[in-house]
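There are two complexes below, and they share chain A, which is joined by chain B in the first and by chain C in the second.
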Partner chain A sequence: MPIRNTRIIGGAILLAVFAILALPAFTPAANASEAVAPVSAATTATAIPAAQAAAKATDVPDAKAVAYPPAPKLTAADYPTFKGVNSRVAVWLAAQLHLWFGAFVLAVPIFVFIIEAIGMATRDERYDQMAFEFMKVSITAYSLTALLGGLLTFILLLLYPDLFRYLATIFKSSMFAYALLFFAESAILYVYYYGWHWLQGGNKKWVHLTLGLLLNAVGCLLMFLANAWTTFMMSPAAVDAAGVFNGDTWAAIHNFLWNPINIHRLVANVAFGGSIIGAYAAFKFLSARTKEERAHYDWIGYNANFIAIAALLPLPFAGYYLTAEMYAYSQQMGITLMGGVFAWIFIIQAVLIGALFLSANYYLWCGMGRSEGAYRYNSRIKYIAIVLVVAFLVWFTPHTLVLTNAELKSLGGPYHQYLGVLGLMPAKNTAVNFLILFTFMSFMFYRRANKIATASWVTTGNAIQIALFTVGLINITLLGVYYGYFTNTVYKVAASIPQVLTTLTIIVVSTVIDTLMYKGAKEVAPLHWGRMPARSQYALFLLAVAFTWLMGLMGYVRSAIRQHWHVQGVFRDNSVDAFTPDLGYAANIVSIGTILFMAMVMFIFWLNAINSRRVAAKGYWKKPA
Partner chain B sequence: MTNFLKVSGFSLLMIGGFSAYSNFGIPQIKPAPPPVEEKLELGAMTMDQFIALGGKIYNEKGTCTLCHNAMGRAPMLDKIGSVAAENLKNPNYKGAAKTVEEYLHESLVKPSAFVVAGFGKAGSNDTESPMPDVSGGGIGLSEAEIAAVIAYLQDSSGSEVTVSIPAMPAAGAETSKAGATAPLKTPEEIIAKYTCGACHVVAGHAVGSQTGTLGPSLARIGATKSREYLRQAILDPDAVIAKGYAAGMMPRTYGEQLKAQELEMLVNYLAGLK
Partner chain C sequence: MTTLQKKRVPRLLQFALVVFGVYFGFILVFDVLLGQLIPRSLLTMYMVFVVSGALMAFTFTEEGGRELVAPIKALVEDPSRKKLRNAVFVIVPLLAGYYTYTSMLPGFEAPVELRTIHPAPPSKFKAYGKSYNLTTLENPYRKYQKEDPAKFRELVKAGGDVYIKNCQYCHGDKLDGKGPYAAGLNPTPINFQDVGTIAQLQESFLFWRIATGGPGLPAEAAPWISSMPVWENFLTEEEIWEVILFLYDYTGRQPRSWK
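Up next, the complex of A and B:
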């Protein structure tokens, strides 16, 4: 039996490696001249025979030789319609549901890999069990992801055949590679999951961890390929004004917004995955019947929340980078996004992110009840809460107020003399940096709650940390005030980078000091896992729901800034749904999607619950003779 | 089960709250519909109307005011007439324009020919403009529309308007271009062009297969219908519906597409089919 299993694993790994190695074959070099150039360089450097170099050069497909058609000029009659089906809503919901599940199943293996590695390093089996439990939830979601991906493709082919054909012509190689990678992903995932309890101890555990690494590599490649199709529609590369593609697959993939989206989605997926696992743990905690079960799911919930928050903290920076790149690609697109009809979306986003930060902090504060030593920090929590609420209100302040004529007259214009500035980016950047730093402070208090530092330099260490926070927060505030009130519009966003660097410096230096200072610290008392009020679990649910809804909303705006273009500037959308809907309508579709997604997630939780139930049907089975 | 209902209820409440806020907590701005390519009647336009058209394009379709406003994202253009002449002499100017009009045209379609100090793309040291080519991509102005914008910029900055109203048709003016062509000469040409035979039986001439059955047969239509009836049936097809046929099948656009001469020729021809 072990030999058979080894062969299965070996075969799966070979398949995965083959798929990864085959990928470059479907992503030819930028063009013939570029393809030859490295070969020529190599010839001079390593004296490859000329014939060999020539052979290599001819192996590379000549992208220029392929004639691509121009983007079709469609009329409303060219879009197939089905009675009672709104084409845009159908594609919208299918794409969004696929993306939610895809994000989840790609994110879980990332932190499962880290948790498994921690378990191996600490030899604490609880980590291994927790990692497996995360995978158990993810594996059911994997099937749904594939089904929804198939549904999306079917709907696109049925309702938007010309758009699908245009994109498939340009991306045919990468779509083929995607299919190969999908098989590889499935093979590795199944071996990784079903072989979990078999590949234990010694070298076998290392093989299992390597499978986890491979799973993540293939998963990320899959996501990056799919991202390229999306970003090509926003920032098409190597196309002329008529939409004729004149590059190769890599040129189409490596379009302007590809990397910013890759980074943003990778970080957001981890935060989102953590929040969904948190909801799972909360559900199991609330349904737990024993003290041990409650303690177990409390511990899982804590870790899931930690993962979600750890990824949430850098997320605003990744979002900022993406937006800055949108401006760099097209100032018109950037302004439409932030200053045009979509500007109010960012006020809704502020409400959602405020809810995320407040619920995550609330959960941490509730979690301090697990420790006997937390009373030392309880009095400070209210100040953190005040700062979080003020920061939230600043972020929430719109630039342009909705006023009646009388109000406008009494205010003397659409902007308040002092508070109007709170609607601009420097104030919002200041607010978000405060939110992040004070959430980090909550976490530090939580971490310290059950420990007593024994290092001789504790007083000095604390003083350095207080000084670091004080100077950093003053610096962030001064930057915000200076760029907010005393510079013109062009320079206002310039505050963001020094503010971000200040925040990162505080977090990194403070973490290093804290780690050194609490090395070998005494425990006040064993932590009381499971000693959590039921309401704290609803904070975890709020985190999951708010994350899902926020992803749906931001996904909408990312797609909607193309406005009446299928592919920005080259392939016009002339369907009856080419108009941009108002935000209320968009929010309602996002809500419907979120309800569908949460219903499916609850179904997965339920499947996991019945999977662990064993019923002894007395008298049903015939006793063996 | 109780927990399942509780968390489901809680989740629905949260989702409902987010939706309600988005519907009632923020203003519901109705975004403008996608721009349509307007037919420009340049032939009948005075210079004042042409300048006004330029102003409309500048503020709407051209999306110029997204950046050229008091916020400081792009240079203000209120004095562009005089500033352009100075920019032409600037050593950093890389274009080929000789006149202010040419400079403005170049600025619209090749914005990097001259970048005003401080307004270049980040990191380009003012050698590259963040402005798109207005004749392509998402803006897509035609040559006539660009000329109108130049006329508006010259006029609004107090300079002499040197642009003349182009004689050529603008983007979207394909119909008017078709309209400028000579009228069709025979009824057969008209029937062939407007594919009447796709829906009607039109006997008595040799144009394609005229055997359509979606509309009534026209083979002997002149025997039963007057000229007035036929004229009305072409211009307003749903005014009277022949028994056994559905309303709304025949296009209502022939009145705009047919020239008067063609309409009369067609009516006379049909009236003669007996």
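Up next, the complex of A and C:
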């Protein structure tokens, strides 16, 4: 048996290694795309908002490349239709559901790997058990991800065959690599999960951890490949005005928005995955029948919330980077996104992000009730709440206000003299840095709640931290106000970087000081895991629902800014649905998707719950002779 | 238990004071002191989150949560408060009914519009009988700002002349959107002094908006309301670029740029 298992693992690793090694064979070397001749003047004079000349010059290879057909010029009659099926809604929902599940199953192994490593380092078995429990939830979702991926491909083939053919012609190599990698991912995942309790202790545990690493590497590669297809539709690279592809696979993959999306999705997936696991823990906590069970799921909920917050903190920066790149790529796309018709969805986005911060903070504050020493910090929470709410109000104040005619007349125009400035990005950037820092402060109070520092330099350490926060917050405000409103746009956009660096410096330095200061600290009393009010668990549910809805809305906006293009600027959408639906309709479709996803997630939670139930069917089975 | 603790304001009252204090604070600051009213839609959104924040701060501890709801619980459960309970059970639905009635009452005012101020530009457009690519279009005179400042000043001055002859009637001689005709327009003309207008935009965007005016706005996001004339019918291409130089120069703003 052990020999067979070793073979299984060896085979799985070999398969994954083979898949990774085989990938470059399908994606020609980067230098192939660098040694290229620029496209002719005739082809660069194009309607493609793309790709800024510089990107084109480096992305287009020489003429020996395969001859690709131009983008089809379709009419409404070229799109197959099925009675009672709205093609756009069908592909929209299938893609969104696949993406939600994909994000979840790719994210869970990332933090499971870290938790398993923490367990190995601390030799605390609870971490190992928690990591396994996370995988247990994710493994059921994995098959749903695959099913929904199949459904999406099927729908695309059936309803948008010309678009699929066009993309598949350009990406055929990477699609083949994707299929191979999917097999590798499945093989590694199953060995990783089913071998969990077998690969325990000594070198075996290291083998298991390595499998986790491999699983993540393959998972990320899968996502990056799929991201390339999506971003190519937004920022096509190495294509001329007629949509004729002149490049190699790498040029198509490495398009202008590929990396910004990769970074944004990677971070967002972890935050989203953490929130879904948090909802699972809340579900189990609320349905727990024993004190021990409540304590266990309270602990899991705490860790899941920690993961979600840890990934949520850098997320606005990743989002800002992506948006800035969209603006840099195409002014049209940028203005459509944030100043034009979709700006109102960004207001909903702002509200949901604020709700995420508020619920994450509320959960932390409620969690202080687990400690006997938390009362020392209780009086400070209201000040954090005030800053969070004020920052939140700035964060979601729209630039263009919804005004009645009487209000419009009274204000003398569509902009508010005092509140209008809060609608611009410098105010938003400042506000979000405040939201992040004060959320971090909540976490610091939580960490300190049950400890009494014994280091001799506690007063000095606290003074340094207070000074650091004070100077940092002043710096963030000055950068936001001065560079945001009194200099030109280049500095305005650039000022967000020192703001982020200030925030990161405060977080890193404070964490280091806190860790050193509380090394060997006394515990006030053992933590009372499970001593949490039920309402705190609803904050975890809110976190998961808000994340899901947010991803749906923003995913819609990202896709919809192409407006009437399948592939921006080169392949026109001429179907009957080639119009931007009104915002209410779009929000309703996303909400339906969110409800469907949450229902499926609850189904997964329920499956896990019944999996652990044992019913003794007395008198049903024949007793052995 | 000290006398001070006994006299503490009940938490429910504290909560109500915070919420109403913030609400009337907004109205006092904006409507009264600053003379720029706070729009109802914004105030409603603000208050939703002020109430949420206050609820969070009041209920994050077990005791806090219990104290907050204790008067409500007592009102519902305590037999000695029967009269008060009955009164509340009558007044609250009546208030809700009154609010619903006044909210739903048909009025003569036009419904609010979710108007977007910055229309998304097309990737290319036609004016002066030729096609312009907005992604690559640049102000041909901008380079003189560094290369030949004297010539640049001349161009700005020429732009100023164009502005005073053609644009100030609506956009104002101070470029603040308060020209003599502004009061007759709805929405009112754009205030170029506002940091949220031309400072956010590239010069190519302004060229497109000026040259093609209201009728040139994109069909994707129709219907648009704009009184902006199609200036390609009245001004030369050079005059439009000059007036754009003037707009930025007079307001002290710089056009959006990635360089």
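Definition applied: the second predicted complex is superposed on the first by the 577 of 625 C-alpha atoms of A that agree within 3 Å, B and C clash if a C-alpha of one lies under 4 Å from a C-alpha of the other, contacts with A are read in each partner's own complex, and residues count from 1 in each chain.
FYI, a residue touches a chain if its C-beta (ideal position, glycine included) is under 8 Å from a C-beta of that chain, and two chains touch if they have at least 3 such contacts.
Since the structure is predicted, the reported quantities are computational estimates derived from the model, not experimental observations.
Bringing the complexes onto one copy of chain A puts chain B in a clash with chain C. With both structures placed on the common chain, the touch criterion links A:Tyr418 to chain C but leaves chain B unconnected. When the shared chain is aligned, no partner comes close enough to touch A:Leu159: not chain B, not chain C. Contacts of A:Met598 after superposition: chain B is touched, whereas chain C is not reached. When the two structures are aligned on the shared chain, A:Ile381 is found in touch with chain C, with no touch to chain B.
Judged by the touch definition given at the top, the superposed model places A:Phe283 against chain B, while chain C stays out of reach. Annotation for chain A, partner touching more residues between chain B and chain C: C. Of the two partner chains placed around the shared chain by superposition, chain B is the only one that A:Phe541 touches, whereas chain C remains out of contact.
Touch criterion met: A:Phe392 reaches chain C, while chain B stays clear of it.
Shared-chain residue A:Trp344: touches chain B and chain C both. Once chain A of one complex is fitted onto chain A of the other, the partner contacts of A:Asn588 are limited to chain B, with no touch recorded for chain C.
The superposed model puts chain B in the path of chain C at one of 38-46, 128-136 or 146-154, which is 128-136. Overlap of the chain B and chain C contact sets on chain A: residues 328, 330-333, 335-336, 339-341, 344, 351, 398, 402, 488-490, 563-564, 569, 579-580, 583. Those residues of chain A that touch chain B in the shared complex are 241, 282-283, 286-287, 328, 330-333, 335-336, 339-341, 344, 347-348, 351-352, 398, 402, 488-490, 538, 541-542, 545-546, 549, 563-565, 568-570, 573, 578-584, 586-588, 590-591, 594-595, 598, 602, 606.
By the touch criterion given at the top, residues 3-4, 6-8, 10-12, 14-16, 18-19, 21-24, 26-35, 63, 66-67, 71-73, 118, 121-122, 130-132, 136-139 of chain B touch chain A in their complex. By the touch rule above, chain C contacts chain A in their complex via residues 30, 34, 36-42, 45-46, 49-50, 52-54, 56-57, 59-62, 65, 109-110, 112, 114-124, 133-135, 177-178, 186-189, 191, 194-196, 199-200, 202, 204-205, 220-221, 253-259.
Of all residues in chain A, those touching chain C in their complex are 45, 47-49, 52, 328, 330-333, 335-336, 339-341, 343-344, 351, 354, 358, 361-362, 365-366, 368-369, 378, 381-382, 385-386, 388-389, 392-393, 396-421, 423-424, 485, 487-490, 533, 535, 563-564, 569, 579-580, 583.
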